[in-house]
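Each of the next two complexes has subunit A plus one other chain: subunit B in the first, subunit C in the second.
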Partner chain A sequence: MSGTGEAYSRRRWTWPAFAAPGLLWLVLLFLVPFYAILAVAMGRQDPIFNTAEPVWNPLQWDPGIFGEVANEIFTGQLGVIFLRTVAYVGIASLLSLVIGYPVAYFVARHSGKRKVLYLILILTPFWIPYLMRMLAWVNLLEADGYVNAILGFLGVMAEPRDWLGGRSETVVMGLVYGYVPFLILPLFAALDRIDQSTIQAARDLGASPFRAFLHVTLPLSRQGILAGLVIIMLPMFGDYYTNTLLSRSPRTRMVGNEIELFVNSNSGEARGATITVLLMGLVAVLMAYYLFSVARATREARL
Partner chain B sequence: MSRRRMIRLSASAVITAQLLAACGDSSEGSSGSGGGVKIGTPENPVEQPLFDDNPGIESDLEPEDGPLKLYNWADYIWPRVMKDFSEEMGVEVELTTFYNMEEATRKLRTGDLQFDVFFPTAEVLPKFVAGKILQPLNHDYLPNLSANVWPSLQDPYFDVGSRYTVPYTVYETGIGWRSDMVDTDIESMENPWDVFWDPQFDGMAGLYDDYRETIGVGLYRSGNNDINTGDQAALDQARDALMELVDLVNVRYTIDGAYSGMPEGKFGLHHSWSGDVVGAQYYFPKGGDPSVLRFLWPPKSETSTAGGYISNDSLAIPNNAEHPVLAHMFINYLLDEKVALKNFGWLGYQPPLNGIVPDRLVEEGYVPENVRSAIIEQDDFSLGQIPVQLAPEVDSRWLDAWSQVQSG
Partner chain C sequence: MSVDVAQPPESVEAPTAWRRVRSWIANPWGRPRFLTVVTWLYIIWCIIPVLIAVQFGFNDGRSRTAWQGFSLRWYFDDPDLSVWNDPSLREALLQSVKLAVGTMLVATPLGVTLAIGLARWKGRAAKPANFLMLFPLITPEIVMGVSLFLVFIYFFQVVDLGTTAQLLGHITFTISYVVIVVRSRLFAIGPEYEEAAMDLGASPTQALRMILLPMLAPAIWASLAIAFAISIDDFVISYFLRGEASTETIPTRLYSGLRLAPSPALNALASLLLAFSMLAITSAALFLRRLRRREGRRGSAVEDLAHLDI
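Then we have the complex of A and B:
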């Protein structure tokens, strides 16, 4: 593999150089901030202002707070919040998949000439800011709002329900509503890429449409499903505003709310940073699975 | 209108949360703890130190040409007041806003930003003085301070002699409710704070999303009026009391529940800043009747010994101000009765000036008769509890308790 000619050596550097902007981006906007969070989590407090002072030298880091926070996760309230967050994100992601997969499938396979139109329609809600869309839900879900009016009219519910009174289902619904389009787009891309002839081959060999879907389309869209899930789960884990707007009850508190509380406080910044790092650790496990699965799929594709 | 108040309040929630500087034991505070920070308490008022390298300005200087740069909470001054000053003095007035005291602290500490007038809370003052972020005031430029301001606030516990600050607004934290949704006689309860624990208000009770204010409600509920305590057992008790509220009344923690949630009927009962209740009249939907609003600051109840928070926000001049003379003149301008009253009509938070008395505020329509109880009088400062800066380890205990309350 070792290069001999000058031309080869030049070429060896040309292509990796294209990665430089991305690498720079990663270093400046991810690694440096992440290091800063670690430096705050393991840093000290300013004696006059009580604010967190980052300590940049890892040799002087004080990991004590990690022990405290980890202890709270395993024995205290923080564990409940982490579990609740995982449950909300898990359920919301599954629901998003159940809602998003048929939509992506339809647009990729059966929308014909109107494909672009449907894609634009899916993205239309994004012309309105997230905050505005959530505030609209607040109005819809109020005790005398349209949701209760319609459910009452249809006879689904006799009594109006206090959707905004700290209900898990409302928060999960908000998460699904907020993030489902981000799942649809990568899924659409994956489904759109599937070679039609593979499905025709399955049909020719006697598979029913359902079996063809199960054994051809679904496995071939697996990477799209994973990519879409990763894209929506990462921001969901850190989401706090959906909860703030739609619930505001201790019953539905998520990790993002906890981080917001501490980061905006006087003496709790280090704790907020620590919870952030631990949340990132949890998310990193999911990412690792995703990357591992992508690597395996790439390897299999090469064989 | 609603937006400004919402921004201001969301900010003030966070603020109030952090400002209070209470130290667990006042002896530590008044003797000055870490880094020469002198924290006063109502029992142990302190004079803030002066430093040779931070002398303040000479008397009888001409005002600079401007522009005058203000650093304030969002929507915490009527733009008209700035405009009038600008025209009167022939200078530009520029406003920069911050979201909470932490943000302001971080930015001012860098020394890279230059502002002429800053609006700190009472609790952060000790550390701002110790960190030499503020300059001492020259009272020669502030005749309105001794002429108009409540005498007790000319000598506040955190800054005896008003060396670094003058008061801007005062507020109390009490209980707001709608008489058409709540028929309990809260005014004659033995402990008015207990009303939040009454299961008949299931689904319509709210408290502020603010650890410093709301842990205080837990303390009052357990009969403890020491709202600057660092005692873990007391904090545990307050925490447990608040945690009961989740199952009892499905409590919600909000910032806008008092001034907008109650008028809209989402809450019948809410933890309330006095300024929120005064402003709530503008938030009733069309056809709504603002006269159903009520407010009680428990220390004023005749049948109760329960406490309530009271404090003030301040005006100060950063030590790197480029236009300190103009800044003094602006502060003096805000302490003028006419100007202050105009500003109050927009702001809802009351300036502590001698001429602004309850009867006048009601007669001239600034405050509706039914929430007259939200008007603050000078003597109230001896009835209620003033939150002071918490020592760092105490502050952590409060935050911990709050985070547990919040996680149900």
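Then we have the complex of A and C:
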């Protein structure tokens, strides 16, 4: 422990006092609202207007609506929507990794003197507003848009295709396009931190470049891969706007769309809140993993 | 990159363009070359669609798919439909800027003090406090949107949906980003400087004001800019907490407009959003560069931005 000055130990409350306003804010506007979801999901519903009546006391919680909605996962349409969401997010995350890894690897290892230029180029999409990027693809994918024009010109397709008419591949492509930049940055950071001499050592000991990559670089970047995947999967699970903009059909509906639908319709808020709770259950493992790995990294940075 | 292998003689280095092309043809799948191609394809794929979208904001006609010549029609000239003259677009622009400025001004002081507190506080409650700070970063935004929406309807009923609710929501998820930016600097500085000041008789407030804050200043400026960028880019929170029509922001206006009545004016509006975002993030990079210069570190501030992984 570095020199703990006397003045420090005397002022035990200085640092908590600094943290207090921010923490109070987060308690009131993050934790309390979080609890509100539960209170609404476990609350009662007005039988006539279908409006929610939140119950704040957990002892009086009524699992009626919650059970009803949860049951729909196994018996009704909701199960299909959950499965579809998992499938879209799974495929889109894997594709993102396949695209993102080589790019992050190249910028971290082989960009040489132009590293700053490449960094600017991979940071730019990160900071282009998401809705702007989706708008760009809506324009390109219109029936008379550039994508159909190019594909027609190349002779790939005789007929222009209705890309925005509820196609899974369009939605998955949109998710990949939307979230790859967020995967590349943590990957880059992890690859950039790898000590070059470890790879040099493997090469000196006779490993081929490929084997050196497989046995040194890849395992050392595992943390970055996992962190990157989690960081894009969490928002993807709650995404509804990519879907709405790139597919004008309920055929591709995801969990997020279901939540948006109910919360925005002045009725059925209890249902919307319940689906939100179920979504949280789905992503809880991912969140826990990330929290603990960040906490560990913070501890290491502090030492 | 330091490679200890013997360097080839000078004459072989400095390859002419032709020699490069020839070796390229001889072995197009050599590892770095393949990666170069993948990286450039990725960059083109990422950026060109956006540039095309910006271009169509300047289209002379109504089409968003066929170029009909350059004009500022969708920005100013059109008497009804341009960003300047369509009240719904103009209000969205105003609302976005209003929220971003408000968020920046409130979230930054809250985040800076929280970062200082969390970085120096070693008590038992510090750990859960740290977790609480991290949570907003990883909670899917839709969950935060729903939770804030419900809490303003059923619990904090004094706050109506609309500007105030949106502002409170934006501040809530921006605080943590500010903490991340400032905290990495705090770890780098370490507690030694303040401790030295206090050993020499400064009170904690004096040590903070005269030692720590000046050292943190560029990071604080950078986090102001980042808070602005994060707020103006936000869609989900603004969407769930919007009230009457005048509280639509640029992203929510794009969302409804794209579905109901797409027009190049939306491209123009989106381009303005892009300009704000780029301006904010460039100034963040410039502040971080000043920080690097002052500390005599080599390299570019862009690397600091790239390493801000949450």
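Definition applied: the second predicted complex is superposed on the first by the 245 of 303 C-alpha atoms of A that agree within 3 Å, B and C clash if a C-alpha of one lies under 4 Å from a C-alpha of the other, contacts with A are read in each partner's own complex, and residues count from 1 in each chain.
Simple rule for what comes next: a residue touches a chain if its C-beta (ideal position, glycine included) is under 8 Å from a C-beta of that chain, and two chains touch if they have at least 3 such contacts.
Since the structure is predicted, the reported quantities are computational estimates derived from the model, not experimental observations.
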item: Which superposed partner A:132 touches (first subunit B, second subunit C, both, neither); value: second
item: Contacts of A:77 with subunit B and subunit C, given as first, second, both or neither; value: first
item: Contacts of A:250 with subunit B and subunit C, given as first, second, both or neither; value: first
item: First, second, both or neither for A:162, with subunit B first and subunit C second; value: first
item: First, second, both or neither for A:268, with subunit B first and subunit C second; value: first
item: Touched partner set for A:48, first subunit B, second subunit C, both or neither; value: first
item: Subunit B versus subunit C as contact partner of A:29, first or second or both or neither; value: second
item: Touched partner set for A:124, first subunit B, second subunit C, both or neither; value: second
item: Winner by number of subunit A residues touched, once subunit B and subunit C are compared; value: C
item: Interface residues of subunit A shared between complexes with subunit B and subunit C; value: 142, 248
item: Subunit C residues touching subunit A - in the complex, by the definition given at the top; value: 1-4, 31-32, 34-36, 38-39, 42-43, 45-47, 49-50, 52-53, 56, 64-66, 110-111, 113-114, 116-118, 120-123, 125, 127, 129-136, 138-144, 146-151, 153-155, 168-169, 171-172, 175, 179, 184, 187, 190-192, 195, 198-199, 203-204, 229, 232-233, 235-236, 239-240, 250-251, 254-255, 258-259, 262, 266-267, 270-271, 273-274, 277-278, 281, 300, 302-303, 305-307, 309-310
item: Residues of subunit A defined as touching subunit B within the complex; value: 45, 47-51, 76-78, 80-81, 142, 162, 164-166, 247-251, 253, 257-258, 261-262, 264-268, 271
item: Subunit B residues touching subunit A - in the complex, by the definition given at the top; value: 14, 17-18, 34-37, 100, 102, 105-106, 109, 127, 130-131, 203, 209, 211, 243, 246, 250-254, 266, 390, 392-393, 395-396, 399, 402-408
item: Of subunit A, residues touching subunit C in the complex; value: 2-8, 11-12, 14-23, 25-27, 29-34, 36-37, 39-40, 52, 54, 99, 102-103, 105-107, 109-110, 112, 115-116, 118-125, 127-140, 142, 144-146, 177, 180-181, 185-186, 188-189, 192, 196, 200, 209, 227, 230-231, 234-235, 237-241, 244-245, 248, 256, 259-260, 263, 269, 272-273, 276, 279-280, 283, 287, 290-291, 294-295, 298, 301-302
